[in-house]
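The letters A, B, C and D name the chains in turn, as written, and every chain counts its residues from 1.
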Amino acid sequence: MQQEILDYVDSLAADLQHWRRDLHHYAESGWLEFRTATLVAAELHRLGWQLQMGREVISAEHRMGLPDAATLQREEQRAIEQGALTEWLPHFSGGFCGLVATLETGRPGPVVAFRVDMDALDLNERLQDDHRPFRDGFASCNAGMMHACGHDGHTTIGIGLARTLMTFAAQLNGTLKIIFQPAEEGTRGAKAMVEAGVVDEVDFFGAIHIGTGVPAGELVCGCDSFMATTKLDVDFHGVASHAGGRPEEGRNALLAAAQATLALHTLTQHSGGSARVNVGVLRAGSGRNVVADRASMKVETRGGSNQVNDDIFARTQQVIAGAAAMYDVEHHITLMGSARSSQPTAPWVRFIRQQAAQIAQITSRVDSKNQAAGSEDATWMMERVKARGGQASYLIFGCDLSAGHHNEKFDFDESVMATAIKTLTLLALNIDQYREEEK
Amino acid sequence: MQQEILDYVDSLAADLQHWRRDLHHYAESGWLEFRTATLVAAELHRLGWQLQMGREVISAEHRMGLPDAATLQREEQRAIEQGALTEWLPHFSGGFCGLVATLETGRPGPVVAFRVDMDALDLNERLQDDHRPFRDGFASCNAGMMHACGHDGHTTIGIGLARTLMTFAAQLNGTLKIIFQPAEEGTRGAKAMVEAGVVDEVDFFGAIHIGTGVPAGELVCGCDSFMATTKLDVDFHGVASHAGGRPEEGRNALLAAAQATLALHTLTQHSGGSARVNVGVLRAGSGRNVVADRASMKVETRGGSNQVNDDIFARTQQVIAGAAAMYDVEHHITLMGSARSSQPTAPWVRFIRQQAAQIAQITSRVDSKNQAAGSEDATWMMERVKARGGQASYLIFGCDLSAGHHNEKFDFDESVMATAIKTLTLLALNIDQYREEEK
Amino acid sequence: MQQEILDYVDSLAADLQHWRRDLHHYAESGWLEFRTATLVAAELHRLGWQLQMGREVISAEHRMGLPDAATLQREEQRAIEQGALTEWLPHFSGGFCGLVATLETGRPGPVVAFRVDMDALDLNERLQDDHRPFRDGFASCNAGMMHACGHDGHTTIGIGLARTLMTFAAQLNGTLKIIFQPAEEGTRGAKAMVEAGVVDEVDFFGAIHIGTGVPAGELVCGCDSFMATTKLDVDFHGVASHAGGRPEEGRNALLAAAQATLALHTLTQHSGGSARVNVGVLRAGSGRNVVADRASMKVETRGGSNQVNDDIFARTQQVIAGAAAMYDVEHHITLMGSARSSQPTAPWVRFIRQQAAQIAQITSRVDSKNQAAGSEDATWMMERVKARGGQASYLIFGCDLSAGHHNEKFDFDESVMATAIKTLTLLALNIDQYREEEK
Amino acid sequence: MQQEILDYVDSLAADLQHWRRDLHHYAESGWLEFRTATLVAAELHRLGWQLQMGREVISAEHRMGLPDAATLQREEQRAIEQGALTEWLPHFSGGFCGLVATLETGRPGPVVAFRVDMDALDLNERLQDDHRPFRDGFASCNAGMMHACGHDGHTTIGIGLARTLMTFAAQLNGTLKIIFQPAEEGTRGAKAMVEAGVVDEVDFFGAIHIGTGVPAGELVCGCDSFMATTKLDVDFHGVASHAGGRPEEGRNALLAAAQATLALHTLTQHSGGSARVNVGVLRAGSGRNVVADRASMKVETRGGSNQVNDDIFARTQQVIAGAAAMYDVEHHITLMGSARSSQPTAPWVRFIRQQAAQIAQITSRVDSKNQAAGSEDATWMMERVKARGGQASYLIFGCDLSAGHHNEKFDFDESVMATAIKTLTLLALNIDQYREEEK
């Protein structure tokens, strides 16, 4: 039986490639996955999955880093022109491009959920012959949006998994869920889905990623090295005046930002582990001879533990408020993203490791991955699942890359998609063999 | 005779309005006055003035704040489309839009020179019915360029003056010059003309401005309150790195800029008089999670005296170099403009006052103007004239304004143009009455 | 008659020298003039002046920069050992070393008041033979206290004036007052006397100084160049922690002080005139490996006008509060001194000039003095007198100095004291000749 | 035999207490251990150990954080008055208070060396009845010096160990060394001994500490958590000027220090592990109204690895030089101390663990200790021993403390001294049982 399933997945290769390249071509950045979401919805509906969509699975008020209304509208229009299915679009309109597909087997068993993400990066793809997507005609046709992190692959894995599980639904027990998340880049989307309750009933949870420097053939069964992070935009608003003629009438937002910047970078000594602050972008002032009345900063904090990040974020807010007060300017902080640090649950990691041993393409299995220093908002889902007594892990499927993630030349070996589908399928198929205690 | 001349100027009113409104409509920013310069050249050539143009009157290496080559090329093309005279254009091509017109009377006498400026501001003009230039159809047709400081009027005064002087050339003695300067905004253009030697033989020099808050009917005969200033662009160039993963590999240009900003603003205590520094614009960094490898600042220094400004500018350079060294980043300073503080010469101011007394439209005459705190690069010309033993002054012709200078609603009472032409004409006409000593 | 008076003053020379050298030897710093005050009190009482002393003429709550209680007690004891007169000491005990002497002539006439100050500087006097006070045995015997500004001379002038006026009391009209002020250094004492009302009834007020770079023989009749100033001590109080082991538990007062310092020095651009801020002293932290929980700063602001200083002081308080908030530390500001900018009243300056013309030793008279940039708290008295309709000025008697003020080698030509007494006496004697309008 | 030795150590209890309390009473801070060193020298000479002293074991040029000459001289005098043995004193005079005692058994075998330190802290001991040393009459009689870290115990352990080893010398093989180090506080002394070559021939090295939060009865066999550190003093030297009158003539050392302080605290983000910078003390300026010409800072850097600390120290130097350049002031950096991070060698740690198992008082043995974040300069010795092929470890003997280290109420349970002597004696006695490979 199991071999039949693995063979079935192999048979999907051409379809997977087709899907992935289509998604790659029509890359859509976070909260703007209008075309992507309608195609996923149509396909999973066709396969027979029950769907929850848009506001059902995304808490409006917990969305972070949402594009402005004009952008949302313009991009929805663009999506329509690029083939978004208008019968499904209303669900996602206004920046609600997430969906959860559910398969109730009718047989007893746990709820097993997998999360994939769908968004591209705000990046221009390389349009040169040394880059396969361009050479083969599937480079992004959307300026400033590129699948340079592999989420096109993730979404495709989700679709392939949906097809496989439905095909072999008779062999499954309990409930299966596939979560298609928007806006993972910038760690903006997961929290809003968690707040909508999408993982509240989940017993076993797995989020996935491909690549990330893991060698081809290797599976990281329980990545535990994500840093907790908070992303924030800061605006200072003062009073402009002529710098030569009436300097004392100005309230200098640029100076407030400069002071805040220096102070923020002094916050990173913490005995609890790694601590980071970065003022990555600063824009201030309008003219050489004008006291700057506006300054904005893009800031992120990170911590090796949730506590460290929470501490630093609390102090970050103090610093910003104090710097504004120093220069008698107003300030505003907008939360743009956040993720948690999260430890995978050990028995579930062991189970993943056992199941993966049955897949020929996986030649090496490790429990964890050192020194990532990256962040991932699936951690919000992991933490919620664990808080409610479930098991959670984060799987990384190693594969060959043409360039590092977030690079304009990023591309990946598409065979990893089948490997991932096989792994997730076996986890669902054999979940009744899961044991809490180590043998 | 004199009354005849004054009447003649009054007869030019319609022509002056026409000229001014044409220039206003086709506003051209600093170093981009291609159309303007060709029209001035053609008209003065027609009148019989000898012309020196472009590189003859502008030292290429001393130009400051020049737009980039692409902009120069694009705007020259735009000028052609808007009626620039292609037979004259080669003189000005590449950002050399200045000219000096000379009238040798053949009779003994001093060299008397007047300067007018031709550039618009980088500003969008108000396109609403409450703004006369829009209502009457002569608002700027060039986005981001607007005559909001009155230089359209100044250029027109120059043309009207040329016509008047040529008409009455038989009554004049010595040599007359009219200097049409580009790029006064940002104090970028005058020094390059001075370095080309355009005022080296001048005995009597007058630069003019209209408005600036001086009441209609009043003439400031010797404005002495301009602050010396230096405009500079600063670039810091460091090394980017992932702020979470490899922070120690970054060399943070944003932090260098923040330190420099604070330090620059501490330099303004000076016993020699008013002292100013402004970091008006700061742009740094590319992404929230990237250690910023680039930062740029638009800075200006000012001083109530040349010494104060020179002191502050010297320390500004130290601060910037030191801040770069602190963070192990490179830095580059580009001079973008500069002007001097300059005291008018007293006998010449007295002479201006006497002559102006004969003009009915000038109902009040004052020697100086308090507390401007602005800057003006005609001061470079004044200082050069004085250094070579000449007399120099700066005249401001009061007039009603619809809004402050540099405002999108700026407009002025066009009758001031005739008043200015009359004044300058009398100065030229009666220069033989000039006496060094006060009577 | 007048010559008789001038001759009388000349006859005091030996006494004046004796007084001055005694005061110089027993130099007493601000608020610690216990011995000085008792000697002045005894002498003026002997002469027949009415005395108001201590709390009668000093508002306790308005004293600034008072030494701590232990110092006050110790120095009072020291004063007793050095000959302070214990019958008068209770009036001044606890830091109330001021007195006002009044002579009511019983004849109609205005209230004329002169102020002298009595305090030494916190400085060690030079104890070398190249310094006359040491050579002649009257250098300060009190470590850390030295009359290096000439207030010993001022006090002596006050005493000599008291003697002269009483001797010729029959020729005087109205009311005469001599104000002996403590703690002028640091501009700490005058406000407390003003708040006690000592100049509320004064019609003509003159404060004096000797030296200050004015040439011997010259009198500045109306010094107008004092800057308004505020002196403040700032304390930040955070939380200490081990810098290696628990950095996040610290609340770093040193960093707050560093941020505040930079920000304070950015406040000095003002179109209203000269503006100054100086963080002159910063002391922070207790150990290399401890997050600093304490920081203190000695700060002063100055302004060419009262408005400028008030603006800067207001912003200074904002900066300090904001910096403290940035680092979550507490802060406390203590007012340590203050003085005003004050313009002398013109008719009174003219009168001073006229009267001084009759004194042979005054060979040059000028109205004002340029570019002092110093501060003086007699300005509080001037402003109060003017606010209540009186006339006020500040007189500087030029004299030869051995070194600049506040220098360990400071000494002055003692003959200036008689000149000052003569001048003030003539002002009192001839006050009935005062005319409001210029002749 | 072994039991006999252990019993012998128990018999020393009264002597150990006597020694320790004498050292505690005459506490001597780093580089000033004159009395202590002479007493140790006399006793070990008496026992028959060969001694190397002073300049033989301390490289003059590598001493860090040495007190000034006046202090050295004064404290040497003080030591004489307190019983320092003048026949031994010349060896240590001038700040060379270290010694190395050697016992050559004449039998083949390795060189085994143990290090103890002798210095007190710059701290006033609590003089209240709630503090045993005061109650029992052995509190420090030297103001500002207190054994608040247990080095009095360490020195006593060294002496007791010397006595024990000599008593049982016939049972020993190879060579034994005991290193008595000065100035461990501030990590100032070890490097100078290493540079003098004192551990160059050592095969097995152990440094010890008592307390540090380890529970009584527990032995940490190989503490591996010391942070690498560098201690530095920084001096900025500018130009003073009158802050009101001539601000532009000043070169502000205080502002340079403020900028440097902020920048130094931004250096602590490093992917290589914990990173620390602390400006613990800042002193700047002389008067409120004077531009500060002097500023000094006490700084330390730390790193979880030597690389991290080296990186941060390199950047620290850049920051300081750059800040000085910003304000045109001079700077000087003085190295005041340094220590390394060092991993104990595993086979030696295992051997220590095995031997300690034979000592009844040691009820718990652990290999390492988490999260100390402290620093210790014995690491310089460990690194040198390892670099030359030897084995090195750092042992911590848990014991009850009355208060934390560096606290004015610090005291410890003196029975830990015998336990330490027993452990070190067994290591020496049984060194022939040492095996490289784990069994």
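Simple rule for what comes next: a contact is a pair of C-beta atoms (placed from the backbone, for glycine too) under 8 Å apart; a residue touches a chain by one contact, two chains touch by 3 or more.
Not measured: the values here are computed from a predicted model.
Any chain that touches subunit C and also touches subunit D is listed here: A, B. By count of C-beta pairs in contact, A-B exceeds the other of the chain pairs B-D and A-B.
When chain centres are set by their Cα atoms, the one at the greatest distance from subunit A is C. Separation between the centroids of subunit A and subunit B, computed from CA atoms only, is 54 Å. Separating the centre of subunit B from that of subunit D, both taken as means of CA atoms, is a distance of 69 Å. Listed for subunit B are residues 243, 245-247, 255, 259, 262-263, 265-266, 269, 271, 275-276, 373, each touching two or more other chains.
Residues 186, 227, 229, 231, 242-247, 254-255, 257-259, 261-262, 265, 276, 278-292, 295, 298-300, 302, 336, 372-375 of subunit D are the ones touching subunit C in the complex. Contact residues on subunit B toward subunit C in their complex (touch as defined above): 262-263, 265-266, 268-269, 271, 275-277, 371, 373.
Those residues of subunit B whose C-beta lies close enough to touch subunit D in the complex are 243, 245-248, 252, 255, 259-260, 262-263, 266, 269-272, 275, 308, 311, 315, 318-319, 321-328.
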